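Chain IDs A, B and C follow the sequence of writing; residue 1 opens each chain.
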Amino acid sequence: MSNRTSVGGWLVGKTKTVRKGGVTPASAHNTRSNTPQVQSTSTTVFGGGVKDASGRTTEFFSMDDQCPVCRSDRYLNPKLRLLVSSCYHKMCESCIDRLFTLGPAPCPICQKVLRKLAFTPQTFEDLTVEKEVAVRRRIAKEFNKRREDFPDLRSYNDYLEEVEDITFNLINEVNIPETEARIEAYRRENAALIELNVRRDEQYSQELKQQEEQERLEREQRAQEARRLEELEREEKEKGRREIIDRLETSTKDAAEIIAKSRAEATKRAASRAAATTTFKSSAQLLRSRAAQSTTIPDVPHVPLQDDWYAYGDMYARLDHYDDMYSEAVRQDQEGIMKAGGYKVEEAWERALRSAVTALFLPPLSDPENSLTSATFLQPKNDVVPT
Amino acid sequence: MTAEPSETHSNSPPGKAPLYEASTQFKSWRYSPKRLRHVRQTLNAAAVAAIRKTLEADEPGSSTSVSFLQPDDELLLVKLYTTKIPQLCGHFRFPEEVEATAISYLKRFYLKNTVMDWHPKNVMLTALFLATKTTNNPISLDSYTSNIPKTSQSDVLDLEFLVAQSLNFEFAVWHAHRALWGLWLDLQSLPDVTESLRPLEVYETALKHVRVSRFTDAELIYAPSQIALAALSLVSPFLCQKWLDSKMPSDPIAAESHRQILEQTNSEIENMIMQHGQPPDVEAAREVDRRLKLCKNPEKVVGSKAYLTRRAEEERRAEEKRNKKAQDIRKTSEGEDPFGSQLAGSQESQSVDDDDDD
Amino acid sequence: MDAVERANAEKQKRWVKDQKVGEGTYAVVYRGREAATGRRVAIKKIKIGQFKDGLDMSAIREVKYLRELHHQNVIGLLDVFSSKTNLNLVLEFLDSDLEMIIKDRSLVFLPADIKSWMAMTIRGLEFCHRNFILHRDLKPNNLLVASDGQLKIADFGLARDFADPGYKMTSQVITRWYRPPELLFGCRYYSSAVDIWSVGCIFAELMLRTPYLPGETDMDQLRTIFRALGTPTEEEWPGYTKLPDYIPVGQFPKTPLRDLFTAASGDALNLLSRCLIYEPRRRITAIEALHHPYFTGLPYPTHPSKLPRPASRASRPLEEVDGNVDMVDSGPGVKAVASNRLKRKLSSPMDGVRPLARRLDFTQHKGS
């Protein structure tokens, strides 16, 4: 007999031994494979950055990118875009917006006063490289003389050496005022030539652009051709079908023979077409073949539940609250630990309610004939003993 | 679909099978009273015949003086140990779920085995230990046995597989105490059953009746909801009736048949609780136990002559099998190509009862 | 012979064991067939008698629940019998799993395919929850796929009944990457919402083709979650800082899911976000999810028979159908399977660069 009589006996928490440890997770997936490509986009337009020959800027970004100011990183903020200040410190667009929108403010890293537009996209991982490239870019704009602008190699070399010298000073911040003066002097002396070379460069990049455009058009044409062939194929199939019907109507030949003949012809046509076109297995093709399958076994609308089990749902309706001695502790839960953890007393109530109506109207088995089916596993023992 | 054809009496919508009928409790552990008697008698008779044979083989004429246990004797002893389970559970402070499950296991075990083969004391300890695990309240074997006097770990463990096997590895049990809790909650849905009409004492007393019902055959015959309802009906026929009225289908013919079913189950279960819920007379049980000492199956008594004979026979058969297997492997590996032996495993179908120890 | 033994012998004869296809610390899996019909099955032989506490908890759980659950999207347990001191589970034969499918780069997933797998997963889970059973180890590896394309939830080695009020449960469940934050914070009172979080992670993984929240340690898992979804505020998840193992892991801003799941439909993202709601009680339930517009809208879910399947269907590495409890931090010690070991070895060079490898790699994909 039970020696516990108090109510709540079977549900009130009791101490019990729970095995420590339990399961630790597996790490079956050791490798991470490809991820979808997410392009960084920007709402603020920042100038600068290093342009390539065709005038585009390739921004550097890495999966390890992290804003040194707000610590947000690339992993889960794929839109993260780091820009570089004129003092060569990185920070993200949102920090720049936050710090410099109201006007010039000190750089949070070196305190140099910066303006918002003094930020440029980063091209290189190493910021000293970034700086060097920026300086060289600036210098190259005006120190754009070519070998043919000089009477001899020696004077060209002297010119290059001077450019190197100026570049070095700017990068390493040596003799800045003097260097700037040298640049200014050069600019004055060579204004016409500089202008001429700028135009020459522009023409070059124009040519590059045209070449690229040409390539793009060619690609498009190829795609169009592929679509046309596909359409042709479809038409041919349709034609084949019509032909069969026509022939069946007019011919006295056996139907099967006609179909077989038409099929053979269609196959031949398709084969010749295949030979003419270079085929490559693309995912688009794969998808097309999958789509073709759909005609044989159609997809059907979603049906939420597909099983035939009846869970007595019509025999009870759960209330939102119950006066319940067993769940009092849970419902009061001062610390909110059970609530924060997501424990749902409603689920336990549901189970109890279901239990109360489950098989309520099931008549007990009455005669042995019926019950034989419920105990087929048991065989009378005396059948087996005398061996 | 996976649902088995539902019985005609179920009140599930057409084409649907009630979930209860998917349960192993419904499929394997539901009996008629007659069937229960038959099972017990058959098991008892077979055991007596087998033991008699063994005794005679050992010493002709020795079985005549033995007073074998009758089915009712067996039942009495099982019941005695059933009533020990709540005591142990109280000691360990196990949840009610463990207690109820262990009792179900013990009763089910003796629908597949007899007391003369396996003494209920150890089976009871094993059933309880198994129930702690199947209900997700595991306790280490060490702390389990060290809290029960005169019990070794092997007393519990040796029989565990046998018990699990006898249960047909069907561990899930639906219990009446949960149904009663649900019933109690659901009474609150009835607008005219005010709080004063359902004092907590009613529930407490009904729960006691549910606990008592565990010492009877009720759970082997009736659904847990029916036992819970009968337990409530014993305390408050009024609440029972009120609740039942709210569950009746609108179709008067169906309602009438349901009413009849529940009138029957209520009165039968109430009767069981009142008549058979008492723990057995200790003296009577002691007497049975004394007789059991003389008539238990010697093949299951460790160290006895019959036990050793049986063991030797089993060992001989196992040896034969091992030899045959070794021979088979040799045959295959002597085959044509050097890779033959490697493929042997996949080419040749092993019998499922092989003796591999992997 | 006892009645019990006789019945067992009868059952044993029904099944024929063929070659071994996998081995774990406590179970060996064989391919097999039904003697009478030749129907293919998997026979999982669980070794008994080597555990000091007797029958192992995960074996008990698996048998207990699979014995009761009969559903199209839950693996079928056809029979149970013993041989000597081994427990044999005869299971439906299923030759692939969702993890294999996700990893097979030659397969292209249509949005309708993902929808179909999700619907089957949630249908199976809803049935578990309808039976008041928590699975507690949902992950692609445990979602097996039959030859007709039907997806079936397997591995009930960590499953348990819903807890009664006031009873504690262990928080050490669910493989880390699929484990919800409440469990990482050591919560001992939880609900079916834990499985829903896992479903959300699986959904994301189907879209990304890579695990969504691959934390390296339990701590790192929290950090990974918060980086993905933002650190929850007290308002979003009341009381969570009071959970037993609460530990602050840093403030991370919220990033819209759209930024990562660029190709997903609005309905898909809505369902995903509702699976990954921090406050467990507000997370969508399985039955609610099945009625979500994502499923009812277009495109229709792909018919299971047309779903992408791995090309080589020869042998599914039948690792870890068991999910045993293990105290070692390296994961459930049940995954040792010949073919899987090989897989592990091949990927081991990655181990040295884990901190990089586990992040979303944006550079690698460029140009490919």
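Convention: a contact is a pair of C-beta atoms (placed from the backbone, for glycine too) under 8 Å apart; a residue touches a chain by one contact, two chains touch by 3 or more.
A quick map from chain label to UniProt name: A = RNA polymerase II transcription factor B subunit 3; B = Cyclin-like domain-containing protein; C = [RNA-polymerase]-subunit kinase.
As the structure is a computational prediction, the values presented were derived from the model and not from experiment.
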item	value
Central chain (by mean CA position)	C
Furthest chain, CA centroid comparison against chain C	B
Most contacted chain pair (by C-beta pair count)	A-C
Geometric centre distance via CA averages, chain C-chain B, whole Å	32
Distance from chain C to chain A - Cα centre to Cα centre, in angstrom	23
Centre-of-Cα separation between chain B and chain A, whole angstrom	55
Of all residues in chain B, the ones touching two or more other chains	1-3, 19, 22, 43, 46, 95, 97, 112, 138, 140, 168
Touching two or more other chains - residue numbers and ranges from chain A	11, 18-19, 307, 309, 311, 324, 326, 351, 377-378, 381, 384
Per-residue overlap in chain C, given as positions that touch at least 2 other chains	2-3, 7, 57, 71-72, 130, 164, 167
Of all residues in chain B, those that touch chain A in their complex	1-3, 7, 9-13, 15-22, 26-32, 34-35, 38-39, 42-43, 45-47, 49-50, 53, 83, 86-87, 90, 93-97, 99, 111-112, 137-140, 143, 168, 174-175, 177-183, 185-186, 188-189, 195, 200, 203-204, 207-208, 211-212, 221-226, 228-229, 247, 257-258, 261-262, 264-265, 268, 279
Contact set on chain C toward chain A in their complex	1-3, 6-7, 57, 71-72, 99, 103, 105, 108, 110, 112, 115, 119, 123, 126-127, 130, 132, 137, 141, 158, 162-168, 170-177, 179, 182, 187-194, 208-211, 214, 227-228, 237-240, 242-244, 252-253, 255, 259-263, 279-281, 283, 287, 290-291, 295-296, 299-303, 305-306, 320, 323, 325-332, 335, 340, 344, 347-348, 350-351, 356-366, 368
Chain C partner contacts - residues on chain B that touch it in the complex	1-3, 19, 22-24, 43, 46, 95, 97, 112-113, 117, 129-130, 133-136, 138, 140-142, 156-157, 160-162, 164-166, 168-172, 345-346, 349-355, 358
Footprint of chain B on chain A - complex, ascending	1-7, 9-11, 14-19, 307-312, 315-317, 319, 322-326, 349, 351-368, 370-372, 374-375, 377-378, 380-382, 384-386
For the chain A and chain C complex, residues of the former touching the latter	11-13, 18-38, 61-64, 72-79, 283, 286-287, 290, 293-294, 297-302, 304-307, 309, 311, 324, 326-327, 329-330, 335-345, 347-348, 350-351, 377-379, 381, 384, 387
